[in-house]
Every structure is written in structure tokens, then in C-alpha cells.
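Got some structures for you, see below.
Across the two complexes that follow, chain A remains constant while its partner is chain B and subsequently chain C.
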Partner chain A sequence: MKLQLNGETQEVNDAATLDELVTRLGIERQHLVIEHNGAIRTAEEWSAAALQDGDVVEMVRFVGGG
Partner chain B sequence: MAAGTTLFALRDARKPGADVLILNGYPFAEDVPLSEGDEVVLIRRGEKPSEEELRAQMVSRHGPGVHAQVEKAFVGIAGCGGLGSAVAVALARTGVGHLLLVDFDVVEPSNLNRQQFFIDQLGELKVEALKANLARINPYIRVEALNRCLTLENIPETFAACDVVAECFDRADMKRDIAIAMRQSLPDTPLVTASGLAGFGPSNTIRTRRVFRNVWLVGDGETAARPGRGLLAPRVGIAASHQANAVLRLLLGEAQKDGEEA
Partner chain C sequence: MMATKPLKKLVIGGVELNSRLFVGTGKFSSPEAMAAAVEASGSALVTVALRRVDVRNPEDRTLSALDFSKYRLLPNTSGARTAEEAVRLAKLARAATGTNWVKLEVTPDPNYLLPDPIETLKAAEQLVADGFVVLPYINADPILAKRLQDVGCATVMPLGSPIGTNRGLKTVDQIRIIIEQATVPVVVDAGIGMPSHAAEAIEMGADAVLINTAIAVARDPSAMARAFRLAVEAAVLAREAGPGESTAKARASSPLTGFLHETKGAAS
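Now for the complex of A and B:
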């Protein structure tokens, strides 16, 4: 399955949902915000958000300091 | 202008007793002849320029098109620490007509290493101290000081009327929450957020990019503040200036054109 991940095309297998994608990519979950096909998905929604070929996913993990 | 007019003659006619005479950007102590098209500024020390005088100076610096856009703009600043205080100062100097400052903190000694406050303001509410400092820069813009702890729930109502919002929090969970709240409740209001600006790493790793629809992110994306890697004035200032410039570019409709970069 090909995804547009943070602006780049990436082949991702073994990830049927956003939650599984986060796990596959090994991204730290704390303070992570995901936009999936133009919609913001909160952490509670990741396991129900099914991925399809061609989906556009943007991930931002916020870090402290200001 | 009558032929043969000099700098001193103009002073005596327009502002007798002016202390400082500036001709085309340079101060003059001696009398000199003036020519058509010269730009003269007459200053009486200690005298506050009128709103029209200050406005004319900004229009000549920024261009009439820019000033007309920014003077009618309303910008929200979420958090008035290292980022927010510097963003507010930059936008006040740019002549943004209406600013909303939101924070719940007081000025502490540890803030003075990077935040736009002064030692005689320790213990004051940050929003009130910042409002007072902005009034010393440009007394003619409207500044609202709101002492409020922002949450996922009250962010939408707080910033509903703003044209653009700058996220200037310190805590990562609040940065996450405002991104979610703005996208869910105020999706048409651009948000300029910041993440990854601690320490003294290279300046050029701090970037501005669009990450979500109507959300721009400033920073290197990874350098968190932690014990042993603090927040220092130069890099926080770089990030704040990126944010202020992104806000300006959004108000002028430039950032939207570029898509990714601001």
C-alpha cells in the first residue's frame, strides 16, 4: 500500500489503521497529532481509522519549549 | 515648498523648538537647503507623536498596501512567554491593529533570559506587563489582555473572532490541544504553531512549513526543552520571528499562495 506520508510517497505494509501505522513507524505517541485525508484524528480515533492505498497522512509530534 | 527653503526655516514654521531634525534618514545639527522630495522628520524630545504622524511613518516604511491590511487585522496570541512576548512585540511594531494576549502566568526571574519583560515587572501578570510594554511601542493599536488558562474547551470561544492565531505555549500537550481545537472548531482560522526551538543548535534548522490544512509549524520539530537543554533568547527569538513573519504573510495572503512554505 502506498501512502503520502508527511509529503512523501512511502510503501507501507502490515498497517491497516492509523494506530497500526504509528506502531509500525515506531513514532512516539505522546503529543502526536495526525491529519488523515485532510481531517484531524485524535488518538482515540486512530484504531478505527482504516488506511487505504493513496491516503494522505501528516503526523506532527509536538515537543515542549516556548 | 517654496524655493530656497532650509531645514531650520521648515522647523521654525512647522515645529518651533524641535530638538532633532532628520533629513532623509540622517540627523542634522546645522542648517541645510532642502530640495523637492526630501523627507524631513522633526522631533521634540519627550513628545509623543500623534496617531496620524506615527501612521505616516509606518506607511512610508511598510508601504500603504501592507499597512492597510495589517491595521485592520486581529491576531490572537496563545501564551505570552518567550515566543508570545516576542511575537506580540514584532506585530505591534508592524502595526497590526488589534492583538489579543492570553496567558495565566506572572513574570518570574527565570523568564528574563528570553522573554520581552523587564526586571521591574517581576510578579506582574504577563498579559498586563506585555500590554504595558506594547503601549510604549505603539500606543495606537488595540491590545486586549486576557488572564486565562487556555484549554481544549475554551480555545474556540477565546479566538473565534481572530484572523490568525499564534500558538506560543511552552508545554507540548497544550501545543497539541490547540492544534486539535483550532482544526476542529475554527478550521478557517490559520494557526501558526511552534515546536523544536530549545538549546543553541544551528539557526538554520528552524523552518516554517505548512503541516496541516491551515496549520503552519515553526521550529526544527524535535529539540525539546529539558533539564540541561534550556530555552535561550537567540533561538527562541528566531522561532518567534518566524512565527511573526508567518502571521504577517498570512494576513497579506502570501503564505496561502505558497502552500507549503511561509
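Now for the complex of A and C:
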């Protein structure tokens, strides 16, 4: 399936949920937050959040800032 | 005339902060340099930004050396150009950290990064209604500061000069009016380049200052952080000490009698 991930179209075939997507991409989980089709999903919700073709996913985290 | 506004405890959103120096975590040369400087600053409140994860290069170390248990986090909405974007960022930040504090910044202009007052007010109203403790970054506009205070912002944060310029308090007269009217803490944010600027802000009645660039880009960030800490502490101490009045005419420090040139009339 195709996802719109952080503004780019990405082909993802081996992740059925947000939790699996995070694992597959090898993303550090600390202070990570995901917006899934416009709704904020906290870490506890990732394993229940099923991915579908065309979903829009934003993964953001804290960085240094003033 | 010197500021005589008495120094009250610094309480934001019901939380007492024991340092009047807030520090940013951006622009440091390494995560370790950042963590050491934050420690040296003695700050209790540190700002962070929210950005997309680079999914091709997902390891991000910028905040890895910071002990999050020691500081209260103040996520900012940097990068927001509209109220809508700022509210979205604030909600993401709250989900990522659990804190409902947010440094609201809406800066559509990339050259001077000046905050948009209308979008800031709009976002502040929505965020306050949604339960956020809102610390808005604003131009030094007393009317705007009052409007933000009236809609329930926890502080107002006027700029001294544009972000990252190190130019000091170019807006000093406006900041003075903001301080005079404020019923919430006034935090001078942006443009403070030297410890003397920070001291000046606190001496004139500001409740706190927020520094990032001046510390981060110094050759020795930890030493500069300590310099800012001492400057802020010195200014706080001076406020507590009760400064004397400033006057136009000289007032002698020694008695105005017993001068050598004095002559008395001849004895009769």
C-alpha cells in the first residue's frame, strides 16, 4: 500500500499498524508522536491503529529549539 | 527613575519556578555541549521544538544528552505561520511530552521572524480554551500584551530584538509599558545577546528572560550560560535590595561642609 509519510509518498507492504511501521522504519520511540489521518495517536494507540492504502501519517519528535 | 516594582515569586500556570533564566536547546554544536550549558544555566525551564522525523535517517540525538527529569519542558510552535498550524503543533507537543505548557510562536516572516500578532491572539484563545498554559512570543506591543493577558495567557513574552540577533533590548520603552500593565509574568524573549541585556531586563521589572542563541553560539556555551545565570541573579538581588532613585542633578556622597576653601568672616 501507499502511505503519505511526512509529506512523501512511500510504498509500505510489511506494516499493518502504526506500531509495526515505527518498528520497520527503525524509529526511536522516545518523544515520538504520530498524527494519523489528522488525528493524534499516542504510543498506547499505535498497535491498534490499522494502516490502509492512502493514509496520511506524520511522525514528529522534539529537537533543540528556542 | 529606577524600577521599583517589587519582585514577586515567579509562578506560571500555578507552578513556582526557582530560576528566572529560561534557556533554549537549539543551535548547540553537540548534544553534550547543550546539556552542559543547560545545567550551568541553573534553569528550571527549557524550550524545545517539534519537527518531522527524517524517516530515512531516523536517529536523532539533539536532545539525547538532556536529563528530562531535571527540567520542565516548554515546547514551542516554531515553524508555524498561522494560528491553525500553531494549534496543531501545540497539540502534537502535548501528546509527545504530556506537558500542557506551550511557547506560542507564529512567525510567517522568514527574514526577521517577527511574530504575527493577529494569528498569535487567535491561536492563544483556542489553546487557552483547550486547557493549555500559553506563553506567547510577541512583538513588544503593550496593547497586544494586554489582549493576550485578557484571554488567559499565563505570561507575555515580548522580544528585545529579532530572534538570534544578539542585539539586546531595542524595544526597551515598549517593554517598560508592558511591565507596568502586566498582571501575568513578563518574560523578555529573543535578541538578548549579553548578560548585561538580561540584567537590564530583570532590573527594569521583567520577571524572567529566555536565552538560546547567545549561549548556544558562544565559544564556551557553559561559561556563557553561567555568565547569564550570574547576571540574572545579580539583577534579582538588586531588585530585592531596593535600588535608590535616579535623579537628574548630582547628589553628593560626602558631607557638604568642612571644605578647605571655606572662609569665615574675620573675628571682631
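Assume the second predicted complex is superposed on the first by the 62 of 66 C-alpha atoms of A that agree within 3 Å, B and C clash if a C-alpha of one lies under 4 Å from a C-alpha of the other, contacts with A are read in each partner's own complex, and residues count from 1 in each chain.
Methods note: a contact is a pair of C-beta atoms (placed from the backbone, for glycine too) under 8 Å apart; a residue touches a chain by one contact, two chains touch by 3 or more.
Here the structure is a predicted model, which means the values were calculated and not measured.
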item	value
Partner chain in contact with A:Ser47 - chain B first, chain C second, else both or neither	neither
First, second, both or neither for A:His31, with chain B first and chain C second	both
Partner touching more residues of chain A, whether chain B or chain C	C
Shared contact residues on chain A - chain B and chain C	7, 31-33, 35, 40, 42, 58, 60-66
Chain B residues touching chain A - in the complex, by the definition given at the top	79, 81-84, 168-173, 175-176, 179-180, 183-184, 193-198, 211-213, 217, 221-226, 231, 236, 260
Chain A residues within the chain B interface of the complex	7, 30-33, 35, 38, 40, 42, 58, 60-66
Parts of chain A lying in touch with chain C, wherever the complex brings them together	5-7, 10, 25-28, 31-33, 35, 40, 42, 58-66
Chain C - residues contacting chain A, complex	24-28, 34, 47-53, 55, 58-60, 62-63, 73, 75-76, 78, 91-93, 95-97, 163-164, 190, 210, 212-213
